[in-house]
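Below are two complexes that have chain A in common, paired first with chain B and then with chain C.
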Partner chain A sequence: MKRRTCTSLRNLRIGLFFVGPWLIGLTVFNIVPFMLSLYYSLTNYSLLSPPVWTGFNNFRWLFEDETFRLALWNTFYFVLIGFPLTQLAALVLAIMLHSIGEKSMKWFRAAYYFPGLVPGVVMALTWMLMMNPNFGIFNFFLSKLGISSPLWFDDPFWAKPGIILLSFWYIGGSIIIYLAALKDVPVELYEAASLDGASMWYRIIKITIPMISPAILFNTVVGMIATFQLFTEPFIITGGGPDYSTLTVGIFIYNQAFRFLHMGYASAAAWVLFVIIFALTFLLLKISKGIVYYRGG
Partner chain B sequence: MGKNKWGKLIIIVILAIGVAIFMFPFYWMVIESLKSSGEFMKMPPTLFPKAFHFSNYAETVNYIPFFRYFWNTLFISSMSTIGMVLSSSFVAYGFAKVKWPGREIVFAISLGTMMIPFMVVMVPLYIEFKAFGWLGSLKPLWIPSWFANAWNIFFLRQFYRGIPDELMDAARIDGASHFHLWAKVVLPLSKPALVVAALFHFVFNWKDFLAPLVFISNQKLYTLSLGLSFFQSQHGGVEWQYLMAAAVLTTIPTMIIFFFASKYLIEGIHITSGLKG
Partner chain C sequence: MRNWIKLLIGTCLLSMLFGMVVAQPAMARTEITYWVKWSGEEFSELKPIFEKFNSVQDEIYVNVLSVSDVGGDLEAKFYTAVAAGDSPDLVHVMSHQVPEWAGKNALSSLDDIPTYGVDLSRHIERYLDLGKYDGQLYALPLAPATVVLYWNKELFREAGLDPNKPPTTIDELNEYIKKLTKYDDKGNIIQLGFDPLTPGWWPPAWCYFFGGKLYDPQTKRITANAPENVKAYEWLRDFIKEFGMEKLQAFRAGFGPYWSAENAFVTGKVAMSYDGIWKPHLIDSFAPEFDWGVTAFPSVDGKTRVYIEGDYVGIPVGAKHPEAAKKFLAYLLKPEVLEQINLAQWKIPTLKEVSEEFIANHPNKNIGEFIKITKMANELFCWPRIPVCNYYLSQWLDVVVPKVTLLKDTPQNVLNLVQKNMEREQQRTK
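Presenting the complex of A and B:
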C-alpha cells in the first residue's frame, strides 16, 4: 500500500513535469485572461486608468446599443444563411467527388482545398477588386449574361451576400472531412439498396446522409463557431459598412476595444458572444444525440 | 454500364468547372498584378494583360517594406511552429505515457479550453502582454506557442497512445528516464505526426491577421497580412496593381507548402477531425 502511494506520487511528479509547460500556458494565456475578461465586462476600463466597477451596466447598455444589435443581426445572418449554404455546397461537392472514385478525385480535392491556405487578407483584397462595381471582373461577367449588376460592397443589401460568396472558397476543409467519412460507408449497404431498386436520391438521403452524420455534426459545430467569430474579410473589405451592414460582433468588439479603448464594454460584448456560442454548441450536441448515427465502437 | 460512364463524365465536367471557378481569383490576382495602371482601370477589364509589367513587382517590394514584413512573418511562423511542436509533443507524452493521478481530469479541462474564443481573451491578453512589456516586440505572436496548444496536445496524444507500451517498458527496464524516452524514442517515432502539426501551425500563423492586428502597433514589426491591409487602407483604390503583386508574393510560401505537402495536410485534417484513427 505504502509502496503504491509512493510510486503514484513519483508518477505525479513526472506527469506534472511533462504537463507543466501546458499548465503554465493554460493558466497565463487562457484561464487568467478568461476570468479577467469576465471581470472587465463588469467595469468601465479605458486602459489609461484602473477599471471602475459598474456591475451589469455594460450589458444593459449593450442591449440598448443599436450598433450592437445590428452586429448581432449581421452575425446571425452569416451563421444562419451563409454558413448552411456553404456547408450544403461542401456536402454536394464531396458526394460528387466521392462518386468518381479515389484516383480521379485526388487532384480535384487538392484544388478545392487550396484557397483555404491563402491568407484571409489576400482573399479579401482580391474580392474587393473582383467585385468592384466600376472596374471589377464580376460585374463584367454579369453584364455579359444580361444581369444588371449590384454595387456589392457599396450597397448595404448586397454587401452581406458578397461576403458569403467569398466564404464558399473556404469549404475545402469541410469537403476533406466529408470525403473521409464517405470512404467509411460500407459498400454493401449501397449494393443491397441497388438490388432493391432504390434510386440515387433515395440512397443519398437514406444511406449516405445518416452514415456520415457524425462528420456533418463535426463540420457544423466547428464551422458555426468560426462563423460567429467572422472578422478578417468584412474588416478588410468594408470595415463593417456600408451603413453597418457587414459589422460583425467580432468587428464590434475590436472597434470598442482598440479604437475607442472601451475595454470593459468590449469584454461584455465578447461575453455575450461566448455565451451564444456556448449555448448553441450545447444545443446542437444535445439535439444531435437522437439524430447522429454512430456505428459500434 | 454505359449510362454509368456518362454519369461519371458529367460529374467530372461539373467538378472541373467548379475547380475553374475556385482557381479564378488566383488567376485574376496574378493577371491584375501584371497590368499597367492604365490598363487596370479599363472597363471592360482585359482578361489577359496586353503587356506584362513585371516591374510592378520590383516597385511593390520597394513601395512597402516587403522584405521586412516577409522576415517578420517568417520569424513568427517559424519560431512559434518550433516551439509549438516541441512543447505539444512533450506535454502529449505526459498525457499519453505517464500514468499519474488526476491525468484524465486535467486532460478534460484542457479540451474544454478549446471552446474559449480568441475574441474573449483578446482584450485581457493585450493588457497582460502590455504588463509583460511585450507589446513593442513580436513576442506576443510566438512565445505563447512554446507552452503547447490544446489541439496539438490532443492530436499528438492520440498518436502516442498508438505507440506500444512494451517498447517503452523495455527501455525503462534498461534504466532510461521518461525524458530520455521522449527525446530518443517517441520524438523520432512521431515525425510524421509532428510534420502534420507543424504544417498546420505554420500555415495558420502565416495567414493570421487578427492577432498581429491587435498586438503589433509598430510598423517595423508588421506581418505581411498586416502590411497589406495597411497599404490598402492608406492608398486604397490607387495602386491596385502593386497591391496585387504584394498579394501574390504573400501567397507564394503557402503555395509552396501546398505543392509539396498537401498530402500531409489532407491526412492531418482526417486525423484532427477525430473521425478516423
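Presenting the complex of A and C:
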C-alpha cells in the first residue's frame, strides 16, 4: 500500500513537471488577464494611468452606445446567416466527397483543406483583389453572365455578404471532421434502408444526419464561437466600414482598446461578448442533449 | 576527440573575447533608440541623416528603428511599450497626435530643450504650437506638411480654362469641376474635375473652407455641427448627388494605388487634387513631364486657409536616457540637419529662414510656391488640440464621410450625431 502511494506521488510529481509549463502559461496568459479584465471593466483605465473605479458605468455606456449596438448586430448577422451557410456547404461537400471513391476523395479532401493553410491576413488581401469591383475575378465572371457587378467592400449592402463569401475559404477543416464522422456510419444501416426503398434524401435525413450529429454539434459550437470573435478579415479588408457595415464586436474592442486607449470600456465589451458566447454555448449544449445521438453512450 | 572539443570551446571563447574588445568603444556610449514610422525608400533616405550623429560625437549612439505603421498601429505599439515600462528614448509623433499622447501622459515635457542649445526663436511659432499641449512643449517639428490644391494644366487647356488661373472660391471650384468632367457614351464618368474623396485624408478640412471650425478653444466646446460645417457637408452631399453615388464609386474603383503610376491625378483621371506637399515627389517618380500647378484650396469667401500638420519627435515618459535623447534632439534641430531631412522628404523645415542652397537644391522646383502659400495664408489651421483627438478623427472618417457620401442621412443629422457622440466621449473620459 505504502509502495503504491509512493509511486502515485512520484507519478504526480512527474505529471506536474510535464504539465507545469502549460499550467504556468495558462495562468499567466489566460487566467490572470481574464480576471484582470473583469476588474478593468469596472474602471476607467487608459493603460498609461492607474485605473479609476467607476462601477458599472462602462456597461451602462455600452448599452447606450449606438456603435456597439451596430457591432453586435453585425456580429449576430455573421453568426446567424454567414455561419449556417458555411456549415451547410461543408456538410453537403462532405457527403458528396464521401459518396465518391476513396482515391478521388483523398485528393479532393486535401484540395478543400489546402486553402485553410493560408494565413488569414494573406487570404483577406487576396480576396480584396479578387473582389475588386473593376478588375476582380468575381465581377469579371458576373459581367460575363450579364449580372451587374456589385461594389462589394465599398458598398454597405454588399460588404457583409462579401465577408461571408470569403469565409467559405476556410470550410476545409469542417469538411475533414464531417468526413471522419461519415466514415463511422455503419454501412448496414444504409443497406437496410435501401432494401426498404428509402430515397437518398430520406437516407441522409434519417440516417446520416443523426449518426453524425456529434460532429455537427462540435462544428457548430466551435464555429459559432469563432464567428462571434470574427476579426481578421473585416479588420484587414474594410476596417469595419463602410458606414460600420462590417464592424464586429472584435473590431469594436480593438478600436476602443488600442485606438482610443479605453481599456476599461474595451474590457466591458469583451465581457458582454463572453457572456453572450457562454450563454449561447450553454443553451446549444442543453438543447443538443435530446437531439444528438452518441453511439455506445 | 576530447582535444577537438577543447579546441572548439577555446576558439568560441576567444572569439567572444575578441568581439567584446572590438565592440568596446560602442559599449562605452549611451545607446538610445528612436522609433520612426518611415519605412521603405523614405527610411533608407532618412536613416543616414539620423545616424550621422553617431560619427560626429562619441558619447551617444542612436539606433533608429522603423516601426510599422500599417493601419496606424505605431500608436498601439507605442502605448503598450510605455505601459510596459519599455519606452523607446525618442518617438515619431504626428502633430495631431501630440495632445492625445501628452494628455494621456505618454510624452515628457520638452520645455527645457533650449538649455541643450536648441534655438526655438528660429522656428515659425505656429508650427511650434503644434508640438504643444496645455501650454507645454511636448514635441519638436522635423518635417511639417501643408495640404494644398494641385491642378493638371494640360486638362485645363483641353477644357478651355486658363492653365495659370486655378479656382479661388467654392463657386469657381464648382464651375471648374463641371467643365473638367467628361463622360463616355453610356454616361459613365471617364474624367472628374475634382474628387473630395481622392485621396480624402482630411475630411474635416472642408469645414474650414466654408468658414467653420471643429472646436472652440475659448469656450472649450466641440463645434462639429456648426452651421458652416453643415454647409460644407451639404456641398459634399450635393457633389455626390450631382455626379451620382454609384457612378462615382465605379469610377473610383478603377484608380490604382496612391503611390503608383496609376495614381488618379497622375493618370489624368482627376483634374484637381487636394493633397500634401509630398505630391510633387510622387509626380516626379511616375510622370516627370507632368504639367501641374499648386495653390491654396478655394474657400467660400476667397480667403486662403491652409491645413498644416507634420512629422514631429518627442521623448516618451519612461525613456531610459532622456538626457542623451535631448542631446540628439538638439542635433536634429540644427538648421542644416533639418534642411537635409526636409530635402529628403520634399518638404520645408519650420525655420523662419532657410538657406539659399536649400532652395537651389530642393528636388521640387516649385518649392517657392509652397513657401509663398504658407506665408500668405489668411489662416493656417490644424486639428483641434484636444486629448480626444483620435476619437474625433474617427468620427469624421467612420461616421460623417460614409453617412454623407453614401447619402444615408442629412449632413445636419450626421453632424448632430457627431456632436452628441463627442460630448458623450468628453464626459466619459473626464
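The rule is simple: the second predicted complex is superposed on the first by the 278 of 297 C-alpha atoms of A that agree within 3 Å, B and C clash if a C-alpha of one lies under 4 Å from a C-alpha of the other, contacts with A are read in each partner's own complex, and residues count from 1 in each chain.
The definition used in the following text is that a contact is a pair of C-beta atoms (placed from the backbone, for glycine too) under 8 Å apart; a residue touches a chain by one contact, two chains touch by 3 or more.
Note that the structure is a prediction, hence the values are computed from the model and not measured.
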Which superposed partner A:Phe258 touches (first chain B, second chain C, both, neither): both
First (chain B), second (chain C), both or neither touched by A:Asp155: second
Touching partner for A:Leu48 - first (chain B), second (chain C), both, neither: second
Which superposed partner A:Ile14 touches (first chain B, second chain C, both, neither): first
Partner with the higher number of touched chain A residues, chain C or chain B: B
Partner chain(s) touched by A:Leu142 [first = chain B, second = chain C, both, neither]: neither
Which superposed partner A:Ala270 touches (first chain B, second chain C, both, neither): first
A:Pro133 touches, of chain B and chain C: first, second, both or neither? second
First (chain B), second (chain C), both or neither touched by A:Leu85: neither
Touching partner for A:Ile100 - first (chain B), second (chain C), both, neither: first
Doubly contacted chain A residues - partners chain C and chain B: 47, 134-135, 258
Residue ranges of chain A touching chain C (in the complex, touch as defined): 44, 46-49, 61, 132-135, 151, 154-156, 239-244, 255, 258-262, 265
Interfacial residue positions of chain B with respect to chain A in the complex: 8, 11-12, 14-16, 18-19, 22-23, 25-26, 28-29, 32, 40-45, 47, 87, 90-91, 93-95, 98-103, 106, 109-110, 113, 115-128, 144, 146-149, 153, 178, 182, 203, 206-207, 209-210, 213-214, 224-226, 228-229, 232, 240, 243-244, 247, 250-251, 254-255, 257-258, 262, 265-266, 269-270, 273-276
Of all residues in chain C, those that touch chain A in their complex: 71-73, 75-76, 79-80, 82-83, 104-106, 246, 249-250, 252-254, 317, 388, 390-391, 394, 398-399, 402-403, 406, 408, 424, 428-429
Chain A - residues contacting chain B, complex: 8, 11-12, 14-19, 21-26, 28-34, 36-37, 40, 47, 93, 96-97, 99-100, 104, 108-115, 117-123, 125-130, 134-137, 140, 169, 173, 176-177, 180-181, 184, 214-215, 218, 225, 228-229, 231-232, 235-236, 249-250, 253-254, 257-258, 263, 266-267, 270-271, 273-274, 277-278, 281
